[in-house]
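The next block holds one structure in the form of structure tokens; read it before the comments.
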Amino acid sequence: MCNETKIAEIKDRVYQANRRLPEEGLVKLTWGNVSEIDRKLKIVVIKPSGVPYDELKPEDMVVCDLQGKTFEKPSLKPSSDLLTHLMLYQQFKDISAIVHTHPSHAVAWAQSGREVPVYGTTHADTFYGDIPCTRQLLEAEVQTEYEENTGKVIIECFKEKEICPQAIPGILVFSHGPFTFGATPEKAVENMIVLDEICQLAKATEELNGNTVRTPQYLLDKHYYRKHGKTAYYGQ
Amino acid sequence: MCNETKIAEIKDRVYQANRRLPEEGLVKLTWGNVSEIDRKLKIVVIKPSGVPYDELKPEDMVVCDLQGKTFEKPSLKPSSDLLTHLMLYQQFKDISAIVHTHPSHAVAWAQSGREVPVYGTTHADTFYGDIPCTRQLLEAEVQTEYEENTGKVIIECFKEKEICPQAIPGILVFSHGPFTFGATPEKAVENMIVLDEICQLAKATEELNGNTVRTPQYLLDKHYYRKHGKTAYYGQ
Amino acid sequence: MCNETKIAEIKDRVYQANRRLPEEGLVKLTWGNVSEIDRKLKIVVIKPSGVPYDELKPEDMVVCDLQGKTFEKPSLKPSSDLLTHLMLYQQFKDISAIVHTHPSHAVAWAQSGREVPVYGTTHADTFYGDIPCTRQLLEAEVQTEYEENTGKVIIECFKEKEICPQAIPGILVFSHGPFTFGATPEKAVENMIVLDEICQLAKATEELNGNTVRTPQYLLDKHYYRKHGKTAYYGQ
Amino acid sequence: MCNETKIAEIKDRVYQANRRLPEEGLVKLTWGNVSEIDRKLKIVVIKPSGVPYDELKPEDMVVCDLQGKTFEKPSLKPSSDLLTHLMLYQQFKDISAIVHTHPSHAVAWAQSGREVPVYGTTHADTFYGDIPCTRQLLEAEVQTEYEENTGKVIIECFKEKEICPQAIPGILVFSHGPFTFGATPEKAVENMIVLDEICQLAKATEELNGNTVRTPQYLLDKHYYRKHGKTAYYGQ
């Protein structure tokens, strides 16, 4: 396949995934973006900045190199979060798509600065463990290279907890909101749907004040591994 | 009626009921399934595994024998929860349809491990008593024959509480989510709509912190029996 | 206008109001009904029992005399709540329409057995004071003539509090749900929309745990009387 | 451009903004209104009083002078909140549009009498600091010139806190609800969308009971100033 066709296909996938954000109730106004990397072509395709979702067209998707320089001229401006995406793609070699948006339940957890504990199999089906929450960025990290540093605290958090985006394809940035990852834009959006839903479930579970117990490790293992990896037999 | 026509009708009912799950807000992604048993034909018809609801077609519904072996070749793979359904059909001779899905309010109660108390007539109209919640499955029950064992803890819970699915057509599986039953797929879906709604109502009732009292037995009797059994006179 | 035309118009108003219940999110399944009385013709027109909202037709609306006997033959069965409506029409001479349904926020308050305090002008615009909640019905009142007795505890509650449905066009029945009143079916439905919304607002207001104060009487007076009565100047 | 064309354009903008209120879930029944001022023409255009949103037409928008006298004859009656709008336009010279409505989350905060603290970047992107809440109006202020006095307590609150509508384009009126401001009706509606959303987020954040911390000033500065003012680089 020639590169032009390939790029058009990536643009279309990124466009479809961005359009799905408001349809799934994951975004208000222009508060979200999806990107995809092609590591062979060394490009990232991302939503343009400030364009309302219902005015987006596939050809509006912005193509950049891995330093964030746009390829095509003229080009719309890429999403301001591009530099965070690039930082994450550089570190996490196995992911091909990233979603950042501001859905209500996940943002509330991010604002509370708490990890989301595993309280049930809905969580375990997609995330193999608690959803982490980064530390607060320091003043210097905010004042200079803020978007890159947002990527850096995400990477730092994954390292410190010794987890990886394949097993835990999402994270909360303290005071800000969630990022999710996937092998495709579609999968990364689905992971955001799940993340927001389990944030809602976890809050309600705690509020019910019952025998709230963390899901036992053996149940987490079962639900995760019947959907993921070599022994998967669920919904395939 | 010849068997083929009969099976086509069952497939259509199961298809319609599955399509209703997202319409009623009872499901995200592919997180739910509906089945129907025909005890004379000795078959169960169930949603195929992993197919999005908006791509489902009536002919996609999977026909199995009572051990879970698919009849038609080629066939889509049946829902992974099939073995739980089969276990329940074997034990509960009076039910003909089962729904399992992950609606937010019912899953939150399941994750809290609590029974849902009868707090009002909306509950009493459909469920003659508290909605039970199973015990947690043991490690061994999860590691081997997990889906069958999910059915077994449901059956165990009904037995221990000396209740039956005719009077209480729904249950919560601890850490997991709800199952509902019915004489038809349509009725089982309606019972899921009611179950999720009364889970929402019960949580809000407790949060209002008022004179929250369990509904008196005589009011439970009145509302249940004006809709069910020989003395029913409501909405018929 | 001949009576037949008049009855057709009433049926159409009652039909429109019933159809609006699911559109406004005030009802699930068949859990609600609207009626209108014509005191000259001595008839009440009400939703038929057990018919789904999307299958309703204007001509399905059931016409009864003031004892609840259906006029037209053949006729669908009137809503089981008819006898409650009749009891209320007999007592409250100034109302012409009644709505009973099970919206989530109002039912939660009804189940908690609490009155809804006036916490703001959204409440004061429509209800001149707290929304009352009846006492629990006694066992004997439930076992015999339950629907009539539901009407009786509503009437008793209005009397004891020395309020009237003109100023407070809605009430909660303990363990059950809300009834609202109006000069037309449309107005009674609007009062149900308001009642459910202020139930939601009042719960959230209490949860915010702030300087929650009951709205001062002078603000209640201002908001109520700028919309109602001889001095009204708002939205007319 | 002749004045007539200019007025028709303002009417259309005000109409579009009013229609968006129910689409965005910011309003029930007729509980909201949008206006725009043209300071050269010395006119304010506002929603007519009591007209349902789905019956509105652009030509229905009411044109008044700065004392609130309608220009065109015949004219629909302007929204009863007009005098509040006029008071605010007179004081705040830099705003050109005002929205008042009753969305659930913002009204709950208004009823609680609390300011909305900055708990995250979703807030900081649009509001440079806590959302203020006015004092309660006194009895005399309610009984006479209520609508003007509503404007006055808003102005008093901005003055006492030494903030301005450019940086904090919204406020809560105690016991009542929110007002938002903007350079255009569209922008003022967007500010209401944001205000209601951050009210929802702030409540949930507090309920999660975690390490809830106010967003540090340097993060507030960063998010606000990357979207506003001379150094803005976000979504432009």
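Letters A, B, C and D mark the chains in the order given here, with residues in each chain numbered from 1 onward.
Everything that follows uses one rule, which is that a residue touches a chain if its C-beta (ideal position, glycine included) is under 8 Å from a C-beta of that chain, and two chains touch if they have at least 3 such contacts.
Please read all numbers here as calculations on a predicted model, not as lab measurements.
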item: Reference subunit D; chain at largest CA-centroid distance; value: B
item: Superposition rotation for subunit A onto subunit B, Cα-based, multiple of 5°; value: 90
item: Residue-number overlap at the subunit B/subunit C interface, same or different (half cut); value: different
item: Cα-centroid distance, subunit A relative to subunit D, in whole angstrom; value: 33
item: Centroid distance [mean C-alpha coordinates] between subunit D and subunit B, Å; value: 47
item: Shared-contact residues (touching 2 or more other chains) in subunit B; value: 207
item: All touching chain pairs, where touch follows the definition stated at the start; value: A-B, A-D, B-C, C-D
item: Subunit B to subunit A touching residues, read off their complex; value: 28-31, 49-50, 77, 80, 102, 104-105, 107-114, 136-137, 139, 142-143, 146, 175-177, 203, 206-207
item: Residue ranges of subunit A in contact with subunit B within the complex; value: 119-122, 190, 193-194, 197, 200-202, 204-205, 207-213, 215-216, 218-219, 222, 226, 233-236
